[in-house]
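Structures for review follow.
Okay, so chain A shows up in both of these, paired with chain B first and chain C after.
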Partner chain A sequence: MILPKFAYAKPKSIDETIELYTRYEGRACYLAGGTDIIPLAKQRLVAPDIVIDLKNIEGLKAIEKNDDFLIIGANTTIFDLKKYPLTKEYFRGFYESLDETSCETLQMRGTIGGNILQNTRCLFYNKSIEWRTARGFCFKMGGAVCNAVPKGNICFSNYCSDNAVSLITLSAELGFVSPKGERRINIEEIFSGNSIKPFNLEPGEILTRIYIPMKKNSGAYEKIRVRGSIDYPLINVAVALKDSGGDVSIGGVGPAPLSYHIDSVDENSVEALAQKAYSDVKTVANTVLTPSYRKRMAKVLVKRAIKRALQEVK
Partner chain B sequence: MDTINVSFRINGEKATVDVKPYETLLETVRERLSLTGAKEACGLGACGACTVLLNGIPVRSCLILTAEAEGADIVTIEGMKQNGKLHPLQESFMKNGAVQCGFCTSGMILTAKAFLDRNKKPTRKDIVKAISSNVCRCTGYRKIVDAVEEAAQNMQS
Partner chain C sequence: MGYQTDIIGKRVVRTDSLAKVTGTALYTADMKLPNMLVAKILRSPHHHARIVKIDTSPALKVPGVKAAISGFDGYGIKWGVFRYTQDHAMLPTDKVRYIGEDVAAVAAVDEETANEALSRIIVEYDPLPAVFDPIESMKDGAPQIHNEYKNNINIHIHIDVGNVDKAMAEAFLVREDTFKAAGEAYAMMEPYAVVASYANGYLDLWMPNAGPHVRAKALSNLLKIPLNRVRVRHINSGGAFGGRSEVAPGDLVASLLSIKAGRPVKLVLSREENATSSRQVHDIVAVVKTGMKKDGTVIAKDYKVIYDGGAYSSTGPIATSIPFYVYEECYRFPNVRYNGYRVFTNKGIRGMYGCHGRAFLAGNEAQMDIMAKELGIDPVEIRLKNGLTAGETTATKSKITSCGLAETIRAASEKTKFKERWAQKEDNKGIGMGCIAIMCGFPMGFRSGSSCYVKINDDGQVTLVTGLVDNGQGNESMVVQVASEVLGVPMEDINLVNADTEVTNLDPGAYSQAAAFVGANAVKAACENARKRIVSIAAEKLGTEENDIGLKNRMAYSISMPDKKMPISWVVREAFFRGEPIVATGSYFPNIDFEREWVSRPWGQMAGTFSFGTSVAEVDIDPETGKITMPRFTAAHDCGRPINPMAVEGQMDGSIQQAGVATITEGNVWDNGFLLNPDLLEYKVPLACDMPEIETLIVESHDPDGPFGAKEGGLTVRMNAYSAVACAVTNATGKLFSELPLTPDKVLVLLDDNKGVKG
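== the complex of A and B ==
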């Protein structure tokens, strides 16, 4: 499959990157591992004038730790992060979501930053330009219809990051640099709730670091996919147990993960949470699995993940 | 659009190529360097037929811009043979009949090589997980796993 024409640059610093982005007036794409952006470019879902490679920027690939936070450079690959001993020891659910991301070869290339900032997906959106032209452009492509839901008046594409859900349960924060300056926000604040443009990001903003509070907890991650060796989640659940309760996040459905907190993990509370998840999850026919199956699995995965996380405590 | 001059080592030899900025490593190795062992199947990074080793790490060459490979050390299936002798993985793939149509084979062998380089004593389960990055449409996985298992033993002795 042939890529569209674009220029390529590999700046050495964040300042240089932002200068390039500004010079191209935003008609630029950032490239880290390329496991997501290159397929999108091949399908003409992104068509930048320039691809700016972030891999030469110093410091973005380091994992550091202080008393309060584990600080992960956004260019750290999923595989390196998975193999970092503290990840498994401290954040079991996060370790599992890293391990379940796609396949190992792609984990070695794909980065944690790219995984968090991946675009939403839909059975009728992630297609070749020829297919999409024949079908007619949908909301997410700038058209006026939804190709998944007849007469639907919004975009229903799904945010399919494996790791964002587990990072939400860990109350992770994200550090950004943009032409306007630096900021550090809670991961949940990046989601706009609109599948057409899923993130609240400034133009040219670069994700630099992920901060995870250094609180050891037990957790688990559950995911439904068609092929066990690869594939994005079609629905996923992450759990992190804290004190007597826990945080739960559900992704792969709609523009942003849902998140919940329960004060107790006794049978009744878990059942009530699973039931709530079942009613909250709004699945539509935009993946290879049926909406009713994905909806029912929300309930099953919540219970399964909490059960596994509890077994780990024993 | 301007071309980019990229230098790297491929199968032990230095190579310098002028490439388009939007050219993939797979296009470069197949079309400019005539190393056609790496295949294009899905072109979207799902199947692994285009796998090459980049600094010892298996990568989907269809998802990598050649410009990103500046200064890298690349190994393709053509570079597995050393001093006229096939790599133990290649030998055991032949011996175990782990090749059916052969389209996935180069990717399977390179993924398995990178895996055996970092795990000298793998269990069968480890092998299954490692090669699950690559898809075989003939579904001849069992013999592929047998072949990797045997190669791992041969490489130890």
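== the complex of A and C ==
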């Protein structure tokens, strides 16, 4: 499958990037590692006039820290971030989600920024133009139906980032620059809850940095996939223990991760949380394996992740 | 009786390995011919529709487009493997019958232009009701996919031996179960590609295929070009597994485009097209009813198997029969009834995958275990009791000559301490065994035999010419190794010309598991004939008897007085001098009953010999997630005698992935007629991290007719690995699977049933 035609630029600064984006009146896509956008372009799910490669922008690949935060440049690869000594020591759950992302070769290419801002996925969406034309266009493509759920009236595509869930449990913040200026928000605020357009981003907004509060957290990450590598999560759960309780986030099921806080990790609280998660999780037949199985795994993974996080404390 | 050999039985580097691992091996998509054009195919967006009109002329107006065709540019001839299955026009003019079917095509100077041209082609369709489930498809009132096949039943195979009903009534234990399996994807690493070059009345073609002669013949018929002017050339093949045995629409497309454009044309399918529009594997529903005596003797089998064939016949009766045959060639069934139905649906065309039939095979084996357990018999015992032995005859009258089945059962069982492990009740852990036999060749009329021509060049180097085909399993290297043994020259002195219809003679191809038994036998025969000539001259020159001459390391020598020797090259030159160069032909035609017909006369000698094998799988089941991990897999294969043990082991290793681990991961997923996982992300081919520790054991039964005693090199594992896994799951859970693949969601359903839990 060949790519569609597009212009390509590799600016050296944020300002240059924004200038390009504005000049092309938004008919542009940002390129980091490319593991999300190249398949989408080949399938004609995106067709930008220009692809703006962010990899030359100074400073977006550095990892720094101060007393309060670990500051990760958005262009840092999953692999480099995984190998950074502090990651495993301070943020065990995040280390695990990085390690479980795809496979190691793709970890060396994909960036943490791209991993967070990946498009939602669905068996009926991530297909070639020919396949989709024969099937008929769905909500996410600008059509008027959901192909996965007959008579469905919303888009059910799934947000499948391995690492967003662990970052949520770490209360991470994201730094952006856009034509309108800079902002820094809690990671949970980027999700729109609408799978057709999953992120609350300004046009042209560039993710520059991820800020993680510098506090050692014991945590864990659990993922369901058919094979031991490469596959996206069919459902995933991240846990970070804090004080006597913890934060839990569940992804791979619908437009945005679910998140919970529990004040205590005693057996009853964990059971109650697992039950609530099971009840909240909504799955439909838009992945391999059955929706009832994925929903059921919410309960299993919540308990497993918390159990492992607690073991790590000991 | 394994006689001494110099190179047969040695682990040699294959002749194709260096090129393949250094990336210099040429595949069809790599080919560049002068003025070559790029082809693209326009495919049906409908499951089932009448073609009202096709207008390719707008495509020709796009600059850079050199040809545009549809089925109306051909002769409207329908092709079929059998005279009674001629239903495939390659490019239809009447109806489209599945999403992704080839409808029209263009050849242009580059891919972008071709894509633009495709978008200009006008096709008017009149959609028709479609049917996707074979059971629904067989019902009265279902949409008729082909006029000639009532109730969409493509093939009905009926086999009836003995008196099944009587035997069932007399059986001590009777059980009936239904097993289903999703069809797999071949997922060969090389997506289909074809280069066609028509010039001066000759049509040359390159494509990955299992038998070039069959292709050439089909294209000769379809295009009304004389057979000698259709030349299918040798090219490396990146895997076939049974999915590249027949002529493909792409072959006709590329040929027609080349004829019209007057230039070579290359067509390369995308991974998605390879999945939707080349062969798929049959989904199967198998009802298995077994009657057993109290001592575990199987006395009756009653089968009803429904094969979802997709939109066209493909191999038709062969696919509908083969799973039954590989099973009846393994076990003693005095009474057996088989009703196999291949049914049309509006989906892609289904072919055989190795010998295919995982629902049927795994179902039989797992059911047998559970019945045996009820009788207090373990899986080893039940298989030794019912397994066939040398000298016996199968239910459909095939005589077994060499048979290492019992040895493979014992070897695999001892290696894994099977009996103790199976008897232990370890929570969520299981061990299981699967057995099978594989026919080495089957009736294909005059194409069942192979013929080889060998010439020795004046420097003593050899050229072998044979129709034999290699799809990556190492057949080419195998025959070079055979020639090396017989002629006494090292493998690097031997050139192989193969699978070229202009030059090489008929051969079954990489089809019906005949390469070692038939193809290599012909090579051996040819080389032995050449050897006789060499020996005769050498004996004369060295002043000794012919039976005193040995050939080794490029030398002809006296066995009794080894100092008396001369280079083979001198012998060859002497032969040239005499006007009688050392050239020879040799053929091998297996002992098959050619009165056998798949439908009308399904009995008689199926093949010249059979291989046998036993696999043992060990599984751990996570009871909360249903995920199965496989710590170890052991396979024992009776290949008669390995020519290159490394190649046999390679086949076994690959089969453990492709059939064993695949049992828990692989299956095509459908939404009516839309294939939901036509890609390598969502179609779950097992990865390195999913693989078990592997143990492969080669058993030698020294076939009396095979070359150096050899039989096929490893397909038993591909056909018994899923049985081993299914049986291991039965051992772990006490339950029979009902559906493959055994993905975690399905395993949880099994475990839930155990607990009496719903959901």
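The rule is simple: the second predicted complex is superposed on the first by the 314 of 314 C-alpha atoms of A that agree within 3 Å, B and C clash if a C-alpha of one lies under 4 Å from a C-alpha of the other, contacts with A are read in each partner's own complex, and residues count from 1 in each chain.
Keep this in mind: contacts are C-beta pairs under 8 Å (C-beta built on N, C-alpha and C of every residue); 3 or more make two chains touch, one makes a residue touch a chain.
As the structure is a prediction and not an experimental result, all values here were calculated from the model.
Participant: When the two structures are overlaid on chain A, which partner does A:M1 contact: first (chain B), second (chain C), both, or neither?
Facilitator: both
Participant: If we overlay the two complexes on their shared chain A, which of chain B and chain C does A:I38 touch? Say first, second, both or neither.
Facilitator: Once the two structures are laid over each other on A, A:I38 reaches chain B alone.
Participant: Would you sort A:G228 into first (chain B), second (chain C), both or neither based on which partner it touches?
Facilitator: both
Participant: Should A:E202 be classified as contacting the first partner (chain B), the second (chain C), both, or neither?
Facilitator: It touches nothing on chain B or chain C.
Participant: Have a look at where A:K55 lands relative to chain B and chain C in the superposition and call it first, second, both or neither.
Facilitator: Touch partner of A:K55: chain B, not chain C.
Participant: Report for A:T290: first if it touches chain B alone, second if chain C alone, otherwise both or neither.
Facilitator: Touch partner of A:T290: chain C, not chain B.
Participant: Examine A:E104 and indicate which partner it touches, taking first as chain B and second as chain C; both and neither are also allowed.
Facilitator: first
Participant: With the two structures laid over each other on chain A, which partner does A:E19 touch: chain B (first), chain C (second), both, or neither?
Facilitator: neither
Participant: Of all the chain A residues, which ones make contact with chain B and with chain C?
Facilitator: In the superposed arrangement, which is not itself an observed complex, chain A uses residues 1, 5, 103, 228-230 for both chain B and chain C.
Participant: Would you mind writing out the residues of chain C in touch with chain A in their complex?
Facilitator: 43-46, 99, 111-112, 115, 270, 272, 276, 624-626, 665, 669, 671, 674, 676-678, 681-682, 684, 686-687, 689-690, 743-745, 748, 759
Participant: Over in the complex, which chain A residues touch chain B? Could you list them?
Facilitator: For chain A paired with chain B, touching residues are 1, 3-8, 10, 31, 34-35, 38-39, 42-43, 51, 53, 55, 103-106, 108-109, 228-230.
Participant: Could you list, by residue number, the parts of chain B that touch chain A in their complex?
Facilitator: 1-2, 4, 20-24, 40, 43-46, 48, 51, 57-60, 62-65, 67-68, 70, 111, 129-130, 132-135
Participant: Can you list the chain A residues touching chain C in their complex?
Facilitator: 1-2, 5, 103, 123-124, 127-128, 130-131, 133-135, 147, 224, 226-231, 288-290, 292-293, 296-297, 300, 304
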